[in-house]
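Below: the structure, in structure tokens.
Think of it as A, B, C and D in the order they're written, each chain with its own count starting at 1.
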Amino acid sequence: MKQTGGRTDLAVELREDFSEDDERIKGVTVKEEYYKHRLVHVSTVRITDASGARAMGRPIGSYITLEAKGLAEGEERLRQFVAETLAELLLRLLKSVSPEAKEVLVVGLGNREATPDALGPVAVDELVVTRHLILQLGEEFRKKYHLTSFCALAAGVLAQTGMESGEVIKSVVRELKPDVVIAVDALAARSTKRLGTTVQITDTGIYPGAGIGNNRQALNKETLGVPVIAVGVPTVVDAATILRERMGAYLEKRGVGEEEREKILEEAEEENGQVLFVTPKGIDELVRRAGETVAEAINLCFCKELI
Amino acid sequence: MKQTGGRTDLAVELREDFSEDDERIKGVTVKEEYYKHRLVHVSTVRITDASGARAMGRPIGSYITLEAKGLAEGEERLRQFVAETLAELLLRLLKSVSPEAKEVLVVGLGNREATPDALGPVAVDELVVTRHLILQLGEEFRKKYHLTSFCALAAGVLAQTGMESGEVIKSVVRELKPDVVIAVDALAARSTKRLGTTVQITDTGIYPGAGIGNNRQALNKETLGVPVIAVGVPTVVDAATILRERMGAYLEKRGVGEEEREKILEEAEEENGQVLFVTPKGIDELVRRAGETVAEAINLCFCKELI
Amino acid sequence: MKQTGGRTDLAVELREDFSEDDERIKGVTVKEEYYKHRLVHVSTVRITDASGARAMGRPIGSYITLEAKGLAEGEERLRQFVAETLAELLLRLLKSVSPEAKEVLVVGLGNREATPDALGPVAVDELVVTRHLILQLGEEFRKKYHLTSFCALAAGVLAQTGMESGEVIKSVVRELKPDVVIAVDALAARSTKRLGTTVQITDTGIYPGAGIGNNRQALNKETLGVPVIAVGVPTVVDAATILRERMGAYLEKRGVGEEEREKILEEAEEENGQVLFVTPKGIDELVRRAGETVAEAINLCFCKELI
Amino acid sequence: MKQTGGRTDLAVELREDFSEDDERIKGVTVKEEYYKHRLVHVSTVRITDASGARAMGRPIGSYITLEAKGLAEGEERLRQFVAETLAELLLRLLKSVSPEAKEVLVVGLGNREATPDALGPVAVDELVVTRHLILQLGEEFRKKYHLTSFCALAAGVLAQTGMESGEVIKSVVRELKPDVVIAVDALAARSTKRLGTTVQITDTGIYPGAGIGNNRQALNKETLGVPVIAVGVPTVVDAATILRERMGAYLEKRGVGEEEREKILEEAEEENGQVLFVTPKGIDELVRRAGETVAEAINLCFCKELI
């Protein structure tokens, strides 16, 4: 049987499609924690076996979700808490995939000219890259400020460059040979409450454009040869998902059975050819703020003393 | 009984809430025409009496809607056709409200920093204003190039300026005493097919911010003292409207009666606190292109020989 | 005899054209102070009589110049010091021209689309305006957070709007009746060392566009009916000024007399028709940072507890 | 003896440092032509031997300069003429270095966030790349519209990415194996009259950042393994160059000998530590327009029937 909740890039939302005791997800564990005076909620979904991966439709690995309810409203202290927590979790994940990482490449995916898809380029713009400084000023400089060497690239999108962003990234990885890649991308969620309030990090890599309606070349250890950590923030909800959620709730309340419900929902969706997204009115502000938060977390990881 | 189609700024969509022979809209006329090899469709809705105004929830006046299906795709020839048709209809409307207009003020409403709401500022940026040139180069210059004197203002939004855009516009109108004001603003539609493909012009003025979730001071002959022509392009659909449309269609098909349907829909909407919008993925491109088209039409009206 | 140093908007540079004991500037006083661990230098030039005003070519009033050498390099702590000092001096000047100011209008002059001239619009974008909040939330809210009501406007430039920015501002002042206007604008300096490192505030008002090659309508108590405080940061040096400075220095060294020198310099300048500016390579960054600093100072004055 | 005219990226300006009969430049030829009703002037400087290369300080190859006096003023017809002429000359140069080129990579050098240096990224934004379309739609599509497959990349700058733009480009060239690279970059000229009015194309490659004060890794056949055509437009004049030009002219007029003159000029320059540029006031507009013109020429070369 297929999943019922609509498209999402968040493992934590996919997990909700299953009941606690569902046999198929025996190999999927969930851990909940709180950070920063309980203002930041962290769920860690771990897919540990092939059956869980099949059921969830995601590779084996860790999917960590930070959530802070007021984040989209732009309270500065909360944003700071999220950036710090994200930095901590990111460093931990980094250590687990590449304990001795000396060189990191950060790639910003998505389209600078399409606001809901601009998270990657916006974040990359705010990074305080260190690779060239360390090359110029030497090992002593690196040690003095406890830096990790990292560089950054906004790879553009196919329609702008004529190249898959994966092709560009693969080339640069081959030339630079970083120990690990961090890929930043906008995500799709099912719930509008997650827009701008949630950050997901995972050690399983990324599928460029997957979040917003395309399905392209994966970026992961198989394709790039080095571990890939993905960092994403939901900026859109598929319009069909909203419909599914609201209508589904209604039908359930009216006592319509699951199979019948699924049929009805599929029918309703079919009328809709265009890919449409639901975004909050302040999408520009949301993307700007989310990009800055992700960038700050990465800067805290690699060049805390320079910012 | 209330209207059933969800929120819209388009008179042509409001009209669809009524059957042809509804008594309440006896005073509402509709005329359909085609322009430019039938590529541009024009509907003119005229509200001629108080009963029609009450039923439609809009003031007495003309509401002209241009539609060109492929406009959002960015075919240049079609965009040109729309700009030319829009210029023609705009000039006609202008003549009808102010036959001897010598001085026009164009105001761009909305928020430059929020893409779906940026139509007004984007359009104003592309205008080739003439007022200062005519003041500097004199009457002869005006005659030589068959110019109409016009100037332009992006009034900003309350949260940016601390002033209602209406306050700013009213001040400038008092100082400059234009014969007519043209106000450009982003609109909300009910149908996602209208996003970026429809332009509405009306001689009844505008309600700043109405299109995107606010309800502010009207800009019309009563408040400004001069006729106000509004030009708008739908850039968003209220998420609740989509839900209403799709779920309504489903319920109707299942034979649920109108009253029951309305009750169900209201219930479904209530769960949703946030104001959410549905936009196409390429909203940045859509707004840019729509703003350029509106600006080109206005330039064609007032300074054709300078562009 | 005319001034010899080239065009500048800074009183402190104009003052350098005179020797200490020059009779004409008996009525011009200069005071030097240091703030913030001597990192911020403040000069106050006061023109107190008509003779001084004539000699300096500036109205009677106070011209306060802050200088912090590294400001253009973007050291965050220094930027903070400058913002705080600027806020302190601005509040003091404000009190001196309008002791009971309850309502302030901030206007950003200049062209958003021309980087060296964009200081005003950039600063206005960063303001946390309060007027609408106080109108909505009431007197209690104002008191609780110790706010001063202020609003803000980027008036655009003649070529974009067809209106003098002075016309727009005058209209809005008439409608809103603020107690005082603060006008932010980019300035021209003589010395390239001042680009992005100096802020001038004055209680004598402003001449829109004067700083960058235009001479328009003054904004001051006479034209607006309320006191006008101008805040400016040099972003350009006139290319002719550089030439004059360097060539003048050379000629003086070679023993060429003042009158002869002046003649030679005028000749050299005449060959140059275009208005050209000297800017540092990082002009975009400089303007962004200067705009943020000015905005932060204004926010500290009026809504310290909201930022 | 050293060159006397100041820094420039234009071969046509370097050529002016020598008299017609100078022995050192026997191997440097100049051809002058006019296009488009004599509105577009084209000079072709050819460096054909090692002595010429040494004297000119540039590699052996062709340096073609288009000039159209009013181009910076933005007359649309003239811009069109320049784009068409540029396309014609570019195609010819392309054929001469790679007669059977099937795949082209266009790289935009420079910093998107620093206006005078943004020519490359601005041009790349306006390209109608075809590589992905041909890969998707096949050989037939390519033939039908007479396309050449090309893709594009804005490589960013060292301070933003931590990587030399040359490193990024080299990686991508290795992966994609294009037949030829076209590199677009902002240039420095000696004469302010050339700002925005001149385009230089050359088959000798490019030195990223050379134009604006940096000296980095060359991009040419040796470093990339494929021919590199550079396209550039002057956007700045070094402030020292202006000084040199004006003061030099004055000194010459006063009868100061060449050697003495050079000594004086060097002295005057030494006082100036900072790298300062002279730009016209409307630098944003100039760069936007120049970038669009270059992009249009490239589009005309490779996908004329799609634009």
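Operating definition for what follows: a contact is a pair of C-beta atoms (placed from the backbone, for glycine too) under 8 Å apart; a residue touches a chain by one contact, two chains touch by 3 or more.
No experiment lies behind these values; they were computed from the predicted model shown.
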Note: chain C sits from chain B at a C-alpha centroid distance in Å of 40
Centroid from C-alpha atoms only, then distance chain A to chain C, rounded to Å. What do you get?
45
Averaging over Cα atoms per chain, report the distance between chain A and chain B in Å.
37
Among chain C residues, those touching two or more other chains are 113
For the protein chains shown, what form does their contact graph take: line, ring, star, complete or other?
ring
Going by the touch rule stated at the top, which chains touch which?
A-B, A-D, B-C, C-D
Residue ranges of chain B touching chain C (in the complex, touch as defined):
113, 124-125, 129-133, 149-154, 156, 158-164, 167-168, 170-172, 174-176
Listed in rising order, the residues of chain C that touch chain D in the complex are 113-117, 192, 212-213, 239, 242-243, 246-247, 249-250, 264, 267-268, 271-272, 274-285
